[in-house]
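In the two complexes that follow, chain A is the common piece, with chain B as its partner first and chain C second.
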Partner chain A sequence: MGLISINFLLLAVITIVLYFIIPKKVSWVVLLVASLIFLFYDNFNIKRVLEALIVFGTSYSCGILIDKYHDSKKAKVFLVLGIAIIIGLLSYLKYSNLFINTVNHMLSIINLPYSFKLVKHSSLIGLSYYSLIMISYLVDIYRGTNKSEKNPFKLALFMSYFPILTSGPFIKYNEMKEHLYNGHKFDYDRMCRGLLRIAWGLFKILVISLRIGIFVDKVYGDINTFNGVYIIIAMLLYTTQLYTNFSGSIDIIMGVSEIMGIPLPENFTAPFFSRTITELWRNWHITLGGWLRDYIFYPLLKSNVMQKLNKVCKEKFGKKIGKKIPLYLSMLIMWILIGIWHSGAYSMIIGSGLLQFVYMFFEDNLSPLAKKVNKKLKIDSDSKSYHIYQTIRTYVLFSFSMIFFRALSVKRALKTIKNIFVWNPWVLFDNKSIYEAGLDILDFRVLIIALIVLFVVEKISRKEDVRDKLFKCNIFLRWTLLYALIFAIIIFGCYGVGYDPAKFIYQQF
Partner chain B sequence: MKKEEIYERLNNVFRDIFDDESIVVNENTTANDIEDWDSLEHINLIVAVEQEFGMKFNMNEVTSMKNVGEMASIILERATK
Partner chain C sequence: MKKLLRCFIFLTIFMVLFVNVFKVLWMDNSPLSHFYREPKNSIDIAYIGASNVYVHFNSTLAFQLYGFSTGLLSGGSQPFLGVKYLLKDAKKLQNPKLYIIDLAKSGSSSFSESGFRGITDSMPFSKNRSELIDEGLKYLDVKKEDYYTYYFSHFIYHNRWKDLGKANFSLEDNFYKGFFLGNSSVTTKHFSSRYIWPSKSIPIDDKAKEILFSLINYIKDNNLNTLFVIPIRFYGNEEAQRINTVVSILEENNFDVINFNKVSGLHINFENNLYNNDHLNIYGSTKYTLYFAKYLKEHYDLPDHRDDKNYAS
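Moving on to the complex of A and B:
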């Protein structure tokens, strides 16, 4: 079920109405029913139910057992067992074809006339999200952060809470339980805030993301015709397409959840104002970063193996360099895992994993050199213009890595990069060529204005809550802006024939 | 062990980890107050503090500690050295 569809609208409206009609004590049951409908709506079959039941049953029983044997070694056994089952299932469903492809590739290299057949899996909506959420649930019980949930239906709701199944954010049990299980009274102001957030999400997706998508799809679909400048523009625009699509869908589901009085953790805080890739990742998909930090990066760095490595490296290479080695090794492992989580494809592992690691590695190691050079050239690194330069540089570097993300295969990504180096800047100036890639002059104008609006709103959001600011405006300005937003969505949204707005980029993960 | 002694020793650990002799921590010091204290350095700091005081933080504390004050109270409760 796409977020921009009549079905989702109906589900959200009916759920919200019933949520407030039914007695507060049991209103969470409405959420559970809605979540199960959302989870299985598109393809209800025994296999998908079984997958969800395995993750659920494992989390429920292991959670209780970890709690029960809290002070003994058995707790660790049940933790490991629980994680192994969930990861095992996730790997089987998501990565078996990557594995088979790799084996087949190797067999072909050594000229063996044998290949394995790919496995057919049904749609995996929600699986990547609820698997990681349930792992964090088990680990938190083990760490003593929360107790296990004894009511299986309440745990099922935590696992399948429908707003987060499409594209996150990742939630934690101890932060959500109060909000999820205690009903809420209807609140008019809260509803207005929620609706505004939904409208903003729709604007981002319908007016910006889908419009850019037309151009990007055309260019990436024929990189031989559309080369040079076309690819550079598509590369730069794709990052914004991805961001407005992903953060727009988060806005929609957070708005829905907010209306019911269930706040979700923020997943983005204006990432493209960041001056380094490291900073960008602190503001991009924040809850995934938090999950990886809490459950992989920190435990890995603190593990005995890494600490021993730390000691050895410090003795061998000195304190400064020595302590960096285990750090980089842990970072490398984490970034490869991020790439793997995004999908099994090598292009993803490079684009959203390895390249990000390489950027951060150089950022960390070249910054002393950059400081020296700036000093020598008398460049003021605290000046506004230098900050703008850094922000643009970060955006361009990130966009470059996203070529791998968009091209879907390493081969195609490399070909795309190669085709950038075709000299054709005149397509920008002959007043017609640039409009041949799907968007006409009007579309470009709408896009530019929409991007300026996005820029201004994001800029304000860094300092204060944009909705607070809007609600503080006088009545005329407030309603003018609200109507402008609504009409912009209706008039300038992309609803083109054959263009499925519900096809979210992130849903496939 | 007195609180003053904990802060004294914490100062030494912080100065050593962040290579800055001018650091003086108090109970309200957070990662925002020390330039290099990011999530990457956080674990090095935690491990150094553990070694200094002969104790262990659990993972929950590592991820939820909000300021040096919280760190000091955990140390006060648990330190052996």
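Moving on to the complex of A and C:
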């Protein structure tokens, strides 16, 4: 069930109406039923039910047992067991082919005439999301941050809360339980805010993302014809496509949830104003970053192995360099895991994992050198122009890494990079060629205006809540802006026959 | 209460804006749209059919001559399947004294998407429209996921923003009470003699039969005063032979049918009075209207509204 579909609209509307009609005490049951409908709507069969039941059953029983044996070693056993089952299932269903490909590749390197067949698995929508959510649930019980949920139906709701199943954000049990299980009264202002957020999400997806997608798909679909400048433009636009698509779907999800009075954690805070890749990742897919930091990076860094490594490295390379080695190693592992989580393809591991690590590594280590160079060249690194340069540099570097993300295979990504170096700048000036890649001049005009609107809104959002600002405006300005937003979506949105609004890039993960 | 009122005003303004924006995007100047713009119960004759109707019958001329008003429920390549549903709308909105049904498309159940959309996109939202769409989608090769675009044509026409021109912001067009004056003065000199109507018949397909009988039953059930006509033009041989079968069925059911291809009093000159195979030009349509309007006045009890202020324009 796509987020932009009649079915989702119906489900959301019916759920919201019933949620407020039914007594507050049991209104969470409506959410549970809606979530189960959403979960199994496109994919109801015994295998899918079993998958969900394994994750749920493991989380429920291990959660209670960890809680019960909290002060004994058994708690750790049940934690490890729970995580192993969930990760095992997730790996089997989503990452088997990564493993098989790696083994086959190794076998071919040592010239062994064996290869394993790739497997075909389809998994339930949201598996990657709810698996990690349930791992955090178990770890938090083990850490004593929260107690286990005794009511299996309530835990089932936490695991399957329908708005977050397609694209996140990642939620934590102790932050969500009050909001999920205690009903809320209908609030008109909250509904308006939620609807506005949904409309903004639709604008991002239908007017910007899907429009860019036409150009990007055409260029990446035929990189031999559309090379050079075409690829550079597609590369730069794809990052915005990805962002508007992902953050737009998060806006819809958060809007629906907000109407019911259930706040979700923010997943983006204007990432493309960031001046470094490190800063960008603090503002991009925030909840995934937070999850990995809390449940992978810090535990890894504090693990006995890393502490020992820290000691050894300090002795061998000195305090300054020695302490950085375990840090970078933990970072590297975390970034590889981010890459794997994004589908398990090598190109993803490079694009959304390794390259990001490389960028951060160099950012960290080259910044003293950059400061010296700036001083020598008398460049004011606090100036506005320098900040703009840094912002553009970060965007371009991130966009470059996204070539691997978009190309879907390393071979194709490398070919795409090679084809960037074809010299054809005239396609920008002959007033014809650039319009052969799917978007005509009118589409480009709409896109440019929409991107300016996005830029302005994102810029404002760094200082204050845009919706607060809008609702403070006088009624004429406010309604004019609202109608402009709604009609921009209705008229300029890419939907209807020939478009695929259900094409959410992040849904595949 | 204040908030509720504000919400209501917001939605009302939205609807007004939406309807008007949509009007510009889907500049509904189809001949059929003219019928739906007529005041209630102001039409004496509902004339239903494909392009032959709006190109051949000059309803304004007929009014000037005899004073009866004719609504043309017509569209390019309009499928015969739509006739029953247009009859229903005509009955509901106008309750005319006579229904004239053009048989040019009656011999086959196949039709084009554009012909079908020509009806559904011009019809206002109603149960009848929904039923027509349900029925039509059984015949068209349309992906299930695109069905909704028939019920909500906005999903198709919102993309027309790229094609908007000055004409889209005006209601002026080439239709006069549904009658088309566009290419009517063009003369095709390809034809030296008139089309000779065949005497043979060949069967029509089962679906076409089903559509025809459904129409017959509806007319009988509602006791509608109906006249069937076959427009004068060129036909494919099999096309005409299939229409012969339709005529036999209609005559068996005691309906009146006029085949204008066999009417000598029309004086249509095929060398000068057609602008293509299927349509008369302005000279041909004037001859046709003069003849047919007189026939209608003589054979049916039709009122004369020429002195009625409500009909003055």
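Quick note on the criterion: the second predicted complex is superposed on the first by the 493 of 509 C-alpha atoms of A that agree within 3 Å, B and C clash if a C-alpha of one lies under 4 Å from a C-alpha of the other, contacts with A are read in each partner's own complex, and residues count from 1 in each chain.
The criterion applied here is as follows: a residue touches a chain if its C-beta (ideal position, glycine included) is under 8 Å from a C-beta of that chain, and two chains touch if they have at least 3 such contacts.
Given the structure is predicted, the values throughout are model-derived calculations rather than measurements.
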First, second, both or neither for A:D294, with chain B first and chain C second: first
Touched partner set for A:I46, first chain B, second chain C, both or neither: neither
Chain B versus chain C as contact partner of A:R143, first or second or both or neither: first
Touching partner for A:Y188 - first (chain B), second (chain C), both, neither: second
Which superposed partner A:Q307 touches (first chain B, second chain C, both, neither): first
Touched partner set for A:I486, first chain B, second chain C, both or neither: second
Touching partner for A:K323 - first (chain B), second (chain C), both, neither: first
Chain B versus chain C as contact partner of A:I109, first or second or both or neither: neither
Footprint overlap on chain A, where chain B in one structure and chain C in the other make contact: none
Of chain C, residues touching chain A in the complex: 3, 7, 10, 13-14, 17-18, 21, 25, 146, 148-149, 154-156, 158-159, 161-162
Chain B residues within the chain A interface of the complex: 19, 38-40, 42-44, 46-47, 58-60, 62-64
Residues on chain A engaged by chain B in the complex (per definition of touch): 139-140, 143-145, 278, 293-294, 297-299, 301-302, 307, 310, 320, 323, 327, 331
Residue numbers on chain A that touch chain C, as the complex places them: 6, 188, 440, 442, 479, 482-483, 486-487, 490-493, 495-497
